[in-house]
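Could you have a look at this structure, given as structure tokens, before my questions?
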């Protein structure tokens, strides 16, 4: 009986709506957090930061954003890449226009800009539903990328249309640019991921979150119950884009350092994020992280295994990677359509029953 | 001025033809969606896969050559035969049917009655799989498809129109061929859906998996049938597009051009796919024609989507799509 | 168990369907049926009664093999139809064998018209268009309301109309055995009576066997020959309908009769009561 | 016996003013005339039943009241004033809550969340406060949670508080749906076949709930039901519809003797 | 490391290039036992032309003693420029990447010899000038380009050149996602009737463009692609109709050079070919092999300078910076007269900016050189490069080093 719920009594409603009602969970969570904040920065190196942890965190934020829209509010969006581009270019313009503005504000502001753009592209969702909406959000994807590609103002008239991040510091430590220490990169992403996850958690446990879920599960009934669909959907689009915009800003400024709209924020990215959300679990915050980790790490892992350990030729390895990732996605969907998060929940459930099933 | 106008007409005509080519790809989506409510993201890859298979079979490529050679250290790449086109097409069609069966057996069977988004994801998984599998099987090099098309079409059109209007219209011969193929396909599919018992059952499946099961419709059979048809339609699209640009990975991206067509025409309507294709084709060409001087080029990419989006705001189910039933 | 075997031999009929001690688990963790056994004799009408969540629907779905599509599975026990085990059949094969289920919850094909819904019901039939057309007329004569609405999409039909549509659709396949899940739900009172009349007619004239889950115990026990009462996944009581009707618990909890005759709904006081057979 | 009780209560309600009045409502869908020129009123504090054969237009009538359908002709008066064109969520804010014929719960949400969603129109804390989960948001959540728990206790569904409602058996779902409607503390509660698919025992419980809501909170109730036993026992007045028209309106005692109603609907006298 | 791509939409280009590079390195190992006695190890990393994978590749391979990165993608090059600079690992982007990197004062760790995009633009215009006896005032030139960093590279140069020579220039961007369907662009071109078309395309875009150009019966000999738009992949799908299409050539096509005999003997016959072997002699295969030869020469130079066989990335940079490619060296390596001779210096990382023009002969199915080596307008280019490099330096607070 490692995992137990018995003996947990809650005497007030705030206690019951805690993030981790079971104290075992809470301690485990604090322990993990401590490791993440204290231990990891000490041991992290370039490879771990740039190829593993930073991408996972950045993608987690994007996945969190999309999860709010798709998982909680039920609006499938394939425009994530475009919104990330808004975040990235917004951040770039802010950084270059106001060199003295702290990078943290730049990133948050670019999230806010993206939220505005998200609202505009969210407007059609009042009429358009389901897959029609999903395809319609591709309009945002293509239009935004085209916009950033076609108007030199966005990339400060640089010769090639690439944007390259200038160096900025937080508390005197560089967090962007080539001279950033891996731990600094990692910590700033972690801080954003943590803050945003907390925000997402708050929003989804109150009436805003419930209005989203109601729209997701049955929009007509929700409206008759008293949920204002316009407000709920636009809120979801705004919050989601805010997250995605921040992810885009971090993606550009901290993670890659130089990007080009059509390549870095293409349609593939949109799909990737959708994957994360669905593999991780629709409507689950933990799932967003799990999904991002899965999708980012699996190819890296496979590559290290196939090319690094087994020394397969790279093309065969990459093709096999696709095959394996595809097959795994299908496998997961078959085993548990509700994602890793649900799988974890089931596992807990079994653990709780163990050793006496039923 | 008149020159301008004639040019605009020419642009529209070409748009029309391209539109039909788009619809050829869109058809595959429509078929599967209409018949089982699954939004098959893998359709684009299926087009590529079909074309790769066709070329591979025709030119006698050894499947999985790279893999085999890597494992056994051999050096085999080609069987050294050259199949006649008809035989290769027939064989590829068979491969697509086998693929349909595999999809049913290994994926769809387990996902009966799941939410549409889950099925959608599964098809994305399939797309990944096929992407790797197709390249592993046939290699990533570019390959050419040679269509024995009569060469004179474009010239004749241009000459005749020049004689009549004083302005030679240009139309690609491939487009003419594609239009014919598309017309035949659409006609037969519409008839199939309208008049066969299976057609009705397919629509039932799309509405409610469980209820369809409960009246004795074998989902598995239906799925094999419809994925096979979609595979063969994909083959047709693959031939046409492959002839245009060579068979290689990028072919699958053509699916992205088919999506707005789908949206505009309605996910469930075969004639809608054609009409949607034409509207998008003509629309994007004309838009580029008028707006290019103002906002610069490369608008085709998003224009189709924005057009479809605006259109949907007024008609959320697309042109001919089944009305979305909203009731409590 | 003893009873029913005796009853069977009495009637000289084979059990067409026998469900043997099945256990059903949803989603790998939720145990719903905890050993349910029942038998339906050929040409019989058997009623399955029980409160909400007792497991009636689950039992029917286990028989028709629709459980798999809901992530449920039969983990123990066996089900035999016509002497053959049917657990591994595809639902459609079962329909071909003549077993059809009318699902609860009005599962119409929304985008098909009412008439198309009915015609799809005849999907498995191979006996020609004219026969199907005749049956279509028959269904329309049962449910004139459907005839009025035949050209409109089923998704827009009223609740009761959808229910009729689903019933009619099942009849269109000319089944040997019908699993009816709450046929009377949402239907106007005189229609409920008519439906059971149809059940009785089909049973008497065409020898169709029925297994029906029904909340309207009163009417179900009037038309059925045998009844099972399910509570939380177990059969708690079974017997010929006439006997069940006399059982004091059944009278109180399922028929709403107290010792002094029928109570007014206005006078019911307590919400939760215990049933004697649970002690 | 039920008759006596019914008329007694009805006389109690008669003195009250109408909460809602429907005047000359006509609703068409293309060629289908779903409701034609129907007028009736619902008085403050009464239980008003709407009955009629299948497809008579009862559910459509509720949809008109809750603003989901907009009639081509006719007026809806709420508390004496003509209600202008409104989106359904605005109607809900007026204090009109309802349940649905084909259960329309939020399937993937838990029972508790469903019920809390019912309180949507009453919750006021701002978006920002919720985002940061500061003071007011948390306090408000707890206060409403308490009300929701009261309703859960009242309906006896404590055990399924944290279960997603999608997999609950039909009858429990109906109960949760009632809970969700009650949670809005409505002035007018619309119930569409609340007892379909229930056995007698459960119907008794449900009747009890409805009567209690009516008694304790003074909630006005309009209800559609096909079980004549229930309708005749618990309602104060009954409207009968057939083919979109009103064919009868009165107390249960009158309705059950009305020949038109017997012909069109009841079949036999009840 | 070789950050190549054998998968994804650009694999038809990536495969032969990679094959050429690997096969030559294998040859060196097999025939000579490596360079200066040290076997060359090519660390292969698959990027699928995707920047993120490129970064992952860089990070995962830089610890393995990587001497020089060849990212084979302009986008990834942009990623790696700051990283390589910060960490002191040279980046060699031969004929692609960031043009301004040709200025070694501002980009000490980045090389793009033997010629870069702006050279390419200048050379193409030179060729057109040659065809027209030196006067192209009033002519119309259209650039068809991929709507991405790479495709936009030549725009400033062309604009400058247009001012100088008085021709009109016009740009037609094509998004990669819609590069399968370029009909409207080509109809537009057909209407505007430009005299010459230049193309900066990659992947499927090239093949479609050549076909469309043939479709509108544009005289293909007036259609000139950059060296990345001039491989067999781009003309074969159009079949006969591609006859006459021209492209710039950094090096010779075909299998005439003696090196191919060595490759046959030491690599293909031993079954060590990295691909099918059937690409040898194609433009991109030769590019890979040629690039490998340049790399090997740089390694040799580094070994000579520092007198050690096992060199470090910093030494490698010295080798690259002091690389002098002469006719003799090329001949000695089996590449006689294969590419332009050039010299790299501390200041000049871009080579001399010379290239040929090649033309497709659809009947013989081969590319043929149709011009002498053409020298770009170095004066102009150097000025532009300096401007851009200064801008980059200003944005990133970089102090140019002294040379």
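Per-chain residue numbering starts at 1, and chain names A, B, C, D and E are given in the order in which the chains are listed.
Heads up, the rule we're going with is that contacts are C-beta pairs under 8 Å (C-beta built on N, C-alpha and C of every residue); 3 or more make two chains touch, one makes a residue touch a chain.
No experiment lies behind these values; they were computed from the predicted model shown.
Think of each touching pair as a link: the shortest run of links from chain C to chain D has 1 of them. Chains that touch both chain A and chain E: B. Each of B-E and B-D has its own count of C-beta contacts, and the greater count is at B-E.
Relative to chain C, the chain whose mean Cα position lies farthest away is E. Each chain gets a centre from the mean of its Cα atoms; for chain B and chain C, those two points are 45 Å apart. A separation of 42 Å divides the Cα centre of chain A from that of chain D.
One finds 48 Å separating the Cα centroids of chain A and chain C. A straight line joining the Cα centres of chain C and chain E is 75 Å long. Annotation for chain B: residues 132, 135, 140, 256, 296, 298, 301, 327-328 touch two or more other chains. For chain E, the set of residues touching two or more other chains reads 6-7, 11, 15, 147, 173, 175, 177. For chain D, the set of residues touching two or more other chains reads 68, 100-102, 104.
Pairwise chain contacts present here: A-B, A-C, A-D, A-E, B-C, B-D, B-E, C-D [touch as defined]. Residues 26, 30, 49-54, 57, 104-106, 145, 148-149, 152, 156-161, 163-164, 182, 185-193, 215-218, 253-256, 262-269, 271-273 of chain C are the ones touching chain D in the complex. Residues 346, 349-350, 353, 358 of chain A are the ones that touch chain C when the two sit in their complex. Within the complex formed with chain B, the chain E residues making contact are 6-9, 11-12, 14-15, 147, 171-175, 177-181, 183-185, 187-188, 190-191, 203-204, 207-208, 211, 215-216, 233, 236-237, 239, 271, 276-278. Across the complex, chain A meets chain D through its residues 12-14, 16-17, 199, 202-203, 205-208, 210-211, 213-214, 216-218, 220-229, 235, 283. Those residues of chain D whose C-beta lies close enough to touch chain C in the complex are 1-2, 5-6, 29, 32, 52-56, 59-60, 101-102, 156, 167-172, 193, 196-205, 207-209, 211, 226-230, 233-234, 265-268, 270.
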